[in-house]
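Sharing a structure, written as structure tokens. Questions coming.
Per-chain numbering from 1; labels A, B, C and D assigned in written order.
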Amino acid sequence: MMQAIFIYLATVCVVCAVLTVSLRQPVYNVMALLTMFFHVAGLYVLLNAEFLAVVQIIVYAGAILVLYLFVLMLLNLRSESRHLHRQWPFAVLILGSVAAMLVGAMQAGGFGLPTGEAPAQVIQAVGNTESIGLTLYTDYLLPFELASLVLLVAMIGAIVLTKKELIQDHGEEQS
Amino acid sequence: MGLIRSIFMTELLMGMKLVFKQMFKPYCTLQYPHVRHDIPDGYRGLMSLLRYEDGSERCVGCSLCEAACPSNCIKVVSDEVPGQPLVRYAREYYLDITRCVFCGFCTEACPVDALAMTKVYEASVFDRRDLMFDKRKLYELGEQHLADGKAYLIAHNMDDGTLFPKEGLGDNRYSFPPVDLGEGERPVTVGLTREALEMELSKQ
Amino acid sequence: MTTATKVGTITVTINGETIGVPKGTRIIQAAQLLGIEIPTFCYHPRMRPQAACRICTVEVVKPMNKMFMACATEIMDGMEVLTDSPRTLADRRTNLDLLLTQHPLDCPVCDKGGECKLQDYSVKYGSSENPFETKRKDYPEDIRSTVLDFNSNRCILCGACIQVCSDIQQLSAIGFSKRGFITVVGAPMGEPLDCEFCGQCMDVCPVGAITSRFSKYKFRPWQEEKTQTTCTYCGCGCQYNLRTMDGEVSRVTPIEGVGPGQGSLCVRGHFGFHFMEDAQRLTKPLVRRGDKLVEAGWDEALAEAAKGLAAAKAAKGGAGIAGIAGGRLANEDLYLFGRLMRNALESPNFDSTLRYGYINAATIMHKALGVTGMMNSFDDLRRADAVLLVGSDITQEAPICGLAVKDGITKRKMPVFTVDSMKTEIMKLGAGRLVITPGSEVAAIKGLVKAVVDEGLIDAGVAAKYPAAVAAIKKEMAGTYKEIETPTGATKADLVAMARAFANADKGIILAGPRVMGGLKGASALAMLIDLAFLTGNLKPGAGVNPLTGENNELGLVLAGAAPELLPGGLPWSDGAARARVEQAWNCALPEFPGNSLTDLFDGMREGRIGAAYIAGTDPVRSLPAELNVAASLDALDFLVVQDLFLTGTALRADVVFPAQSYAERDGTFTNMEGRVQRIRQAMKAPGKARPDWQIFSAVARELEVPLEYAGTDEIRAEAAGLIPQFAALDVTNAGHGVDVTAALEAYLAGAYLKTMDDRYDLPAVLNTASPHETRLYLADSLFHSGQMSTHNWGLMKIDPADELVMNPREARKLQIAEGDKVRVTSLLGSAVVPVKLSSHANPGTVLFPKHCAQSHVRDLMGVVVGSREEGSVPQFRFERVTVEKVH
Amino acid sequence: MELGTTVLLAVIQIAVVMGVVLLSVAYMTYAERKVLSFMQDRLGPMEVGPWGLLQPIADGLKLFMKEDIIPSGANKIIFAVAPIICLIPALIGFAVVPYSEGFSLLGGTGGTITDLNVGLLYIFAFASVGAYGVILGGWASNSKYALLGGLRSGAQVISYELVIGLSIVGVLLLSESLSLRAITEHQDGGFWHWNLWVQPVAFVTYVIAAVAETNRLPFDMPEAESELVAGFFTEYSGMRFAFFFLAEYANMILVSCLASVLFLGGYEAPAEFLNFVPGFVWLALKTWALLFFFIWIRGTFPRVRFDQLMKFGWKVLIPVALVNILVTAVGVYIVNN
């Protein structure tokens, strides 16, 4: 049962991922990506990580992809899409090498990856939100804080970069 | 103070309070098709043409209504009454009600009180061409709403109630001979009736 | 009227503004010069003041303080006038109140409502309360006349209508009858009005007392659109406003002070506005299929026409095609027609209705005096010292020119001498008359010249300056008066008296009518009149010889060169330099020899020399008598194109008929007899697919692959003006007015003058001597009709059904013929039955029949004598000897 | 519990909840028209049924029978899919709303269709997907009004989702769970236990953001009639229009339900002695009170300008919500220790 659901989710994920880069209409790309996000969330659910699944949807589907869609609508990409598709041989080359690397890695290491401190039983007992919280704020506190710091820097940088012109404009207006 | 007011949104709450109180006031609308307004006599509804009491047409075809009309929706084609030299009448009279602004200037301009506005305000039809009133339609309206027409003229001080003796007003200087077309001799309106239009269209 | 700049002016101050005016100026005229409006009902700038309406009252402060009538009071030097002082306004208000005691307030049903002076002044000066007791008059409206309705209830008795009838029209057809409160205006003795129906009484009526039956109740002034245009019925070219409502003509209104008529119109101009909307107008091109004319599209008809014309050209050469133009065509059309014939079709055979007589005037006037058309303008006529009118019933043929003469008679007691075979209206008003036998104009003119020579009336200056020419004329005058008295019936005493009176006048104007130019030896007759003017010293500005045109735009035909012996500009074909100019302008070669004239063309058609013809704006089948075999000639053609408003007798024989537009539907210009080039303007839409004539010519040329492309008539006129300088300026009298003809005259006298003298004064043979019939029939012009256009007016047909033989009442009584009886008219060529109308217009021994009328075939009774080539090849068919007998 | 029973239980609950929700949606439209009418001294719909009670049904029938028009130049697939994308998330959210205390049914536990332990986040996740329907619908219509409406909606939804998310963090801190049932039970024992009293600021920001999130007046920028005709669904008609309409009203009910769960104790009775009244009645009462509040606001306030809306969201509500989190966190820390 679980196997069947996994196969379905994984297949759709892969197909949607391919469609995301191969469809010509930008909005269709976004739709394909959206579908993929949902199925990735499904994978999380299969792994008993409901929190992650839901956050995946909120963050990726609900926020980031909406912004993409937003930008796509503001730009009329129809005429430029062909130009983008000319890069596909290059993409195939890169993807091919990455895939080869992955296959090599898997052949070398096998599927027996180490299990973490929160197997399914633990999560069901404690609740997956708590599990994630615990993991993040104990073992991975430093990377977490570093990541947030990097994000903060990126945000401030973006604000400074965009605000620069506005500040200059104001200055010119006043002078 | 202002800060506190905006934090607690007092103005907004005051507005909401007012609206809430309004909910309990009685309604002031009419349930239109079931209940209707009592329309005052001066109401300017659809235009109509009036006849004298003996059935002769009042309109003398002077085109003053056409001249007074601010939206140019009236067209009068005047002529002599056939067989009666020197008697002027409107051979054709068109009123494009789609362009009418219901100002009533035409009725004020009319020297013989042949025009009056009825209390008919429901003018919707299924065919726009039906809103091009011709002479026949206008006289029909006038016959159907004669009382309204009379009341309208009195309400607008265009008449003191002595409107309908056959010879017109008492003051002889305003006397116009009534147009007597005789029974059966009434000229067929040459207007663009709907049937005529349809025939025209079917020809094309 | 008045010019303020004359020397010796007196000054007047009106409302504080001072102006210098000539003596005799009246207050109202001075006020007009200052732009001050004084209300008036009865005053009219072209009439004597009558001070009847009393509304123009003004206050004079200096030299005496008193109220005066502005229209009748002549200005004294230093006069001070107030036109809107309280006293004046009070007087005006009282006047209006008094007028309104009786005037009915039926403005809504009154045709004048909206342009009524009484309305305007009541609004401007009147009061809202009338202090007087009001009483409505209740006269029944007089609707017995054909055109004009009199509503005496509305009449304010200003008398303007009566005055215009007596002063300007000189007919006195209406007047006041009864007295006091019950005074009414109308025909005398309460009879129904039966006059010329010029309608001017209606125009001057300030209120709606006189209205037209033709427009009654059909318009309101504010709904109408006004289009100033030119009347096309005769050569006068009056300007009027064609008023249209929703694309239909509602009426015609004159424009005061504008154009040749100065605001006067005749019955044709005023009431002949129905033909444009006649149901018989051609609306689509017609093409002959078998023996039927069927409707076709323009492309098809144009292609057909071009094919037929090209085939004729290929078979018989350019000279195998004939073009005939009529005066209905505008200047631009004629120019383009000429170019189509001579340039595109390379045919010299381009003739027109000029051939009916005016061609003689065109050639001789140009040869002798270097002018085209008239030497004088209508204004000159009004100011002349004497007028000699030969062979023209001017009030019928050119009514507005007649009014100019009448104006001189009324205002200046100008002597008018008439030589004619009919008792014309102007004859009754004139100072002297010679009633002569029909067809003897040449002899009468010779008599006058002889009287001048014999009585020593030759101008001293002329005698001294040109002795050879004078001697040559004197030599020709050797004969006795007997040879003049016999054919004309005039006595020596009459001739001498008239010659003496005319010669003694300082500025004498000679007017020559169609009976001079169109008769036998027409060119010589006109030359004799030039001799007469020459001998009496009248070839100078303000005096001269003037041929009157009969048809509309005849001068346009001349200027466009619509005759084989003429070039554009009215120059003779023999003028090599002019021909070269035309060749250069058109970029083509013109033949050395001129083409055939009208009668030769018809002969040519029957003999097969002419294969195709293009006839535009005229109907020779109906306008020429049967003896010329016009119909047979046209039938003999391989191909005939006709372009007209109606399906005329000519059009019936055509292979292709083009529907043309009338003058009211298009733009263009017409040339009147004075030479004024005046605009016609589009006032309405043409019926169906009719096109303006110039566009049709242009389209035919395009089909013939000779592009004559123009954007509009202005462009054509601009091109034509290069060859025809008269077309360059609009609305100016071009012909000969004010031109010093001395140089041209001297060249003429020095040239072939003496040679032509040999046969000039030879009298022509007496008309139709072979005929056993006694009564003389003359085809006369009618005031009410001129042909195709007028007879398609139901209005004019109602006024004058026209199809009547006019007989002298006394003679009719002898034959026991009453009005309306049918008579049989018999000539050598056959007989026709027509009804009779009795009128003293016809002399005993003479009967008249309207020229334009084709119904009764009276025209076909006329024998035709075609004049010699020197005399313009004019087919003379206006006189015939007939017998009139009652049909029982 | 057997799989069959679970499915049956789920199906029954889904049917009941959806039925109630859809009926509420229908009568919400009626209530809105009526309440607005009363506020404006009118009577509102009166023709269909007694006092116009059948009006929603008539409207529904009308909409379902009307012609379905797809504008030329529209992207047909997305045009057809957008209303569905809009409607499904709105309805799916009710799956985790606890409408009653747990009860036994067919051997399982009822009271919620599924008591997800991340239920709150689940609702927000699907609410954020609803924005796709609006944006895609606006884009696919090939109309400038629809496109502008869709764009505005995108911007607005993203901004106010943040506010909603931040404003409930306080509640989460207090109840220490993302499960809606847990949150409700946390407020057990009378109205003075409600989160409303502990989190008044959060409640206010939540309600404001909820109004904005559901595109209601005074924040109905995406469909501002006077500017954009009908905003993103200008070109829609018939069934598809009805879907958008249903989605909007279902969303309103959902956020109201959520507000009652989060702040007003959900199905809990306001006092112990009222416990005999079933829980779903209390939830319905609280929800309807909030819905009335929505209508009341609509009847009172004029529409704000778009820049005002964005400024208000980013510069006022988000800082306020953040401060609220900070204060709550500190408070919770102090109390816990």
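Just so it is clear, a residue touches a chain if its C-beta (ideal position, glycine included) is under 8 Å from a C-beta of that chain, and two chains touch if they have at least 3 such contacts.
Everything quoted here is computed from the prediction, not taken from an experiment.
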Chain-contact steps, minimal, separating subunit B from subunit A: 2
Central chain of the complex, centres being mean CA coordinates: B
A-D or B-D - the one linked by more C-beta pairs in contact: A-D
Where subunit B and subunit C are represented by their mean Cα positions, the distance between them in whole Å: 53
Geometric centre distance via CA averages, subunit D-subunit A, whole Å: 28
Distance from subunit D to subunit C - Cα centre to Cα centre, in angstrom: 94
Residues of subunit C touching at least two other chains: none
Graph class of chain-chain contacts, one of line, ring, star, complete, other: line
Each pair of chains that touches, named by its two labels: A-D, B-C, B-D
Residues on subunit B engaged by subunit D in the complex (per definition of touch): 12, 15-16, 18-20, 22-29, 31
Complex contacts: residues of subunit A adjacent to subunit D: 25, 27, 31, 34, 50-51, 53-55, 57-58, 61-63, 66-67, 69-70, 73-74, 127-129
Touch list for subunit D against partner subunit B, complex: 35, 37-43, 46, 296-297, 299-301
Interface residues, subunit D side, partner subunit A - complex: 75, 78, 116-118, 121-122, 124-129, 131-132, 135-136, 139-140, 147, 150-151, 154-155, 157-158, 161, 165, 177-178
Touch list for subunit C against partner subunit B, complex: 104-109, 113, 134, 136, 141, 143, 149, 216-218, 220, 222-223
